[in-house]
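Take a look at the structures listed below.
Two complexes follow with chain A in common, the first pairing it with chain B and the second with chain C.
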Partner chain A sequence: MEPSVETHNLTVIYDKKPAIWNIDFTLPTGKIIGIMGPNGSGKSTLLKAIMGIIEPNIGYSKVFDKELDDVRTRVSYVPQRQSVDWDFPASVWDVVAMGRFATKGLFKRLSKEDNDIITESLAKVNMTPFTNRQISQLSGGQQQRVFLARALAQNADLYLMDEPFVGVDAATEQAIINLLKSMRDAGKTLLVVHHDLHTAQDYFEHMVLLNSRLVAEGPTDEVFTQEILTETYGGTLTTLSKVASALKEKDFPMRHK
Partner chain B sequence: MNFFTEIASFFTFSEPNVKVVFWGSLILCSISGLVGTFTLLRKRSLIGDVISHSVLPGIALAFIIGQQKNPLYLIIGATVTGWISTYLVDYITKHSKIKNDTAIALILSVFFGVGVLLLTHIQHSGNASQSGLDQFIFGRASAMNMSDVWLFTIVGSIITLLVVVFFRGLSLLSFDESYSQSIGFPNELLKLVLSITTVVTVAMGVQAVGVVLMSALLITPAACAKFWTNKIIPMAILAVVLSGVSGVLGSAISYTYNGMPTGPWIVVVISLFAFISAFIGSKHGLLKKYIQRAKNNTKILRENTIKLFFNPDTLGETTFQFEDIFEKSNMQRGTLKKGLKLLKSDDLITLDNGTYTTTEEGINEAKAIVRKHRLWELYISRFMHLQPDHVHDDAEGIEHVITPEIEKELEKELDFPTKDPHDSDIPY
Partner chain C sequence: MIDFWIILTASLVATTTAILGCFLIMRKMAMIGDAISHAVLPGIVIAYYLTNSRASFPILLGAAASGMVVTYLIQFFNQRVKLQQDASIGISYTFLFAIGIILISLFSNDVDLDQDCVLYGEIAYVPLDTLTLGGFNVGPRQVWILGTTLLIIAGSVFIGYRKLVLTTFDPAFAAAMGVSVVLWQYYLMAGVSLATVVSFESVGAVLVIAFLSGPAATAFLLTKDFKKMIYLAIGFGISASIIGYYMADWLAGSIAGAIATIIGVQFALAFIYIQFLRKSRISETLENKVLT
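Entry: the complex of A and B
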């Protein structure tokens, strides 16, 4: 089976310190995969680096065994809900329509078929009654569902989701996980940043455990162990963070020719 | 001639130069309304201020090099330094510990300072053609000539075309930059389009409004428009119209009263629009808020007054003399009278020979408000774990906002209770 995402020594440096360091893994397709780790462990950074939103300083990543640019229409990214200003002058429909821009590009008009896809995506997240609603009037859970509908409208094969469960009510969380499962059943791959350990085991079949470095990656029943969790959440490695600080303070390059 | 006839005479175009001023300010202001929409939506309002102050040294340098007031040279000079200033602000923010607001203050004052310095130098150089250069500080629409207007028309058309062609990309960039990048939109190109159009617009606009007030012309029209609509295309169109109208009116006033700078007048007009928009703008207007508040106060007074007629023993008809109710209430005499008047006009009570009597409807209303009060008391005593003597004040406020739907939910959640926390009956 072709891998969904693979990364090779992926390293992103913020302010001279590595935010993610030598991340190296190959993920399967057709699974709901959780990216877990404590605050500031580089979960979002990892997604952004895979999506090319942040240029990695060292290493590279591939999607479906190809360069991202060659398979971009097969990949959809769902940013954190709080990363945008919901007071923007747009309706629910307008936001979901953005999902079609992925194939339509900057200039092509949306066709009847595009409109049907948008309608369908809204129905899948139960937002049809809110189609013409101003986005500033939505609750947190509704905002998240609009973002998911936008991603659905892309008709992608791989979905990268940044914290889709943050700030949503329990009912919405359940609705979202059901949606993810039905997407998985349709053969899609879902890479989901999450931080609630209680639900992780139920939600994900495969996991990436991160703490700036890769702690573990594999099927949930293999990696979701007390030992690995302690290693992930039990604080940073003292020596590793000392080296990182030394890099920053003395302005050393991480790699040199 | 009074003020209005003088302004009206501007629009008859009786003087040939009036046409120039009219078209010049219309074009400049309309474009800045269009470009400013994105400046506002991208939360880059302060960048507009940086650019407008930073075009001054460019204008002065262009004059020193060209030794004449050629509008094309001046715009190019202005664009160059305006561009450098935004680049520097972004660079400093990204690559140093200095925060964005500090970088803005720093670059703005340094560039403006250098601009004033160069301008002073030119004024002392004795070059005759320099006269009028200082008008860039506050703007002077009447100093424009026909060749300026042609230049504005051409450059303005290019800017408009760019914004219209890239409208989809620019909107998405303003709303969600990472998503735009993730679907492969050329974010860098889009940002370039925005900054070029903004810098060039400002470089031209300073002719009419001057460097000090240019950023107001960029931001205020879009801010006004946002009060009226929640869709981006109508917002952009409205911003263009509002700023075009204020441009023309402002220049008309300044032209008629010769010697008055144009910029402040344009800004006065657009600020007036802003004030009106904030007050009555459809979506978020203050007027709407006042009306809502007045409605709420009436509702509260009405419900508080009918509550006084609640008879806990019989749950039926009650009669009162005014003084009796007044004693029972803790309202002002006048307020209570107003409340009683409200009830009477709604036929909840009747007044006969100084005796107030509740009607059937009035009894039901009184029961309803007491029911909501006690349901809420019970609800918070249970779910907020409050002692029974701590729930009354909260319920006094909340009883007025409980809708029939919420009331049903409360009943269900509390399993149709009959007693409130003080062991009083909940009337149904």
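Entry: the complex of A and C
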């Protein structure tokens, strides 16, 4: 099978400190793939390096076995929601329409087909009633849906999503994961940065575990083991899991967020 | 007729800077106009000293060159040295402006330039310096220069509109689409340099800064549509020019000062208006809740 993303010795260094170090992997297509790791483990940096937003210091990556520039229209990037200024004077429609510029070129007018795709993308994330809403009036969950609709409008084959579940309500999280699953069923590949260990196993069939360097990569049931997780998350996880098992033994009610 | 030329001059500057100002304030870079309008000083003095004439073209070149230098310095300190944007702006332009002042005092015997004329300009003198074409007096030279600049800026923004909006709103997404964020940053900055340099000769640096940030900020309060924001900003800039001119006439005071004051008043009024709107909206929803 054609690989979706492959990286070779990918290394990015900020201020003499490596953010990601010597990352080497080949990911399958048609799967929901989680990128997991503790804070500052280079998850976002990895996505940005693959998308060419950050120039890697060493190494390279390929998408669908080609240079990124040759397949850019087949790839969609969903930045972290907090990375943009939501007070920007624009409507929901305006933002989703940006997704059509990618395939359209930046000068041509949007055709009726483009408009239909935008409408359809908004419907898929249940944002149709908000089409003309100003983006400054949206909740966190709605902002994330707008970003997803923009990505859907790009009609890509590979989606790289940076923390799409951060700061969204439970209903939105469920809606997003259902959407991701239906996209996967349509043959798309989804690469999702995520940090909630509770849900990881349910969401992802394949995982990349990162702690600046690559700890493990493979199908979830092979790599989502206590041993590998401890290696990825280091001491923090051990403490946390000890507390969790202690609580379990005493049958203490534990609150899930 | 003098009234007309002065108001037209101010309106041309207002329109050009309002268009650019909308992009600048959304990029949190409104003070870049401040930086450029001060930083052009050394370029102007050097060009003036080298050519020993007040001909516009060499001075324009000198100013544009130092405008690009300060833009580069700000970018460099911000991105490479990881200094905050505002600190980068502050250190870069004060440095270049200071060099300009030293150069003026060094050459003061040979050069007929003074700092006041750079900072405040003299819009009232614009109608005196006319352009003659084929024996006809076609109006003030500045009006022609500013008109051409407006056409260039409006045209460039029109051509690059989507990319400018995209790189302003979501640079990471733009970069992922293969749009060069740095290139469009320089595209916008080149426009700001040109507009600032051309404008400040007639209206002075202070009014250029007021025009760059004021009308755009007022428009931002009143609309949530970026295109409307640009049109509104242009409208506020032009109306401030007209009202400001007649206010200065009535007070027999500085024209640039009066226009800049009106720009401030417009912002204050817009602010009061939206506060009032918000209050009435809250009481409306409260009433509805009480009723239901």
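What to note about this one:
Heads up, the rule we're going with is that the second predicted complex is superposed on the first by the 234 of 257 C-alpha atoms of A that agree within 3 Å, B and C clash if a C-alpha of one lies under 4 Å from a C-alpha of the other, contacts with A are read in each partner's own complex, and residues count from 1 in each chain.
We take it that contacts are C-beta pairs under 8 Å (C-beta built on N, C-alpha and C of every residue); 3 or more make two chains touch, one makes a residue touch a chain.
Just so you know, these numbers come straight off a predicted model, no measurement behind them.
Overlaying the two complexes via chain A brings chain B and chain C into a clash. Of the two partner chains placed around the shared chain by superposition, chain B and chain C are both touched by A:G52. Legend: residue contacts after superposition of the two complexes on their common chain; A:T7 is shown touching neither chain B nor chain C. Residue contacts after overlaying the shared chain place A:Q142 against neither chain B nor chain C. Shared contact residues of chain A, touching chain B in one structure and chain C in the other: 48, 51-53, 69, 72, 75-77, 79, 83-85, 88-91, 94-95, 98, 101-102, 106-107, 134, 136, 150. Within the complex formed with chain A, the chain B residues making contact are 41, 43, 165-166, 168-169, 171-172, 174-176, 178-179, 181-186, 226, 229-232, 235.
Those residues of chain A lying in contact with chain B across their complex are 48, 51-53, 69, 72, 75-77, 79, 83-85, 88-91, 94-95, 98, 101-102, 106-107, 134, 136, 150, 154. Chain C contributes residues 26, 82, 159, 162-163, 166, 168-170, 172-173, 175-179, 220, 223-226, 228-229 to its touches with chain A in the complex.
Residues of chain A touching chain C in their complex: 15, 48, 51-53, 69, 72, 75-77, 79, 83-85, 88-91, 94-95, 98, 101-102, 106-107, 134, 136, 150, 160.
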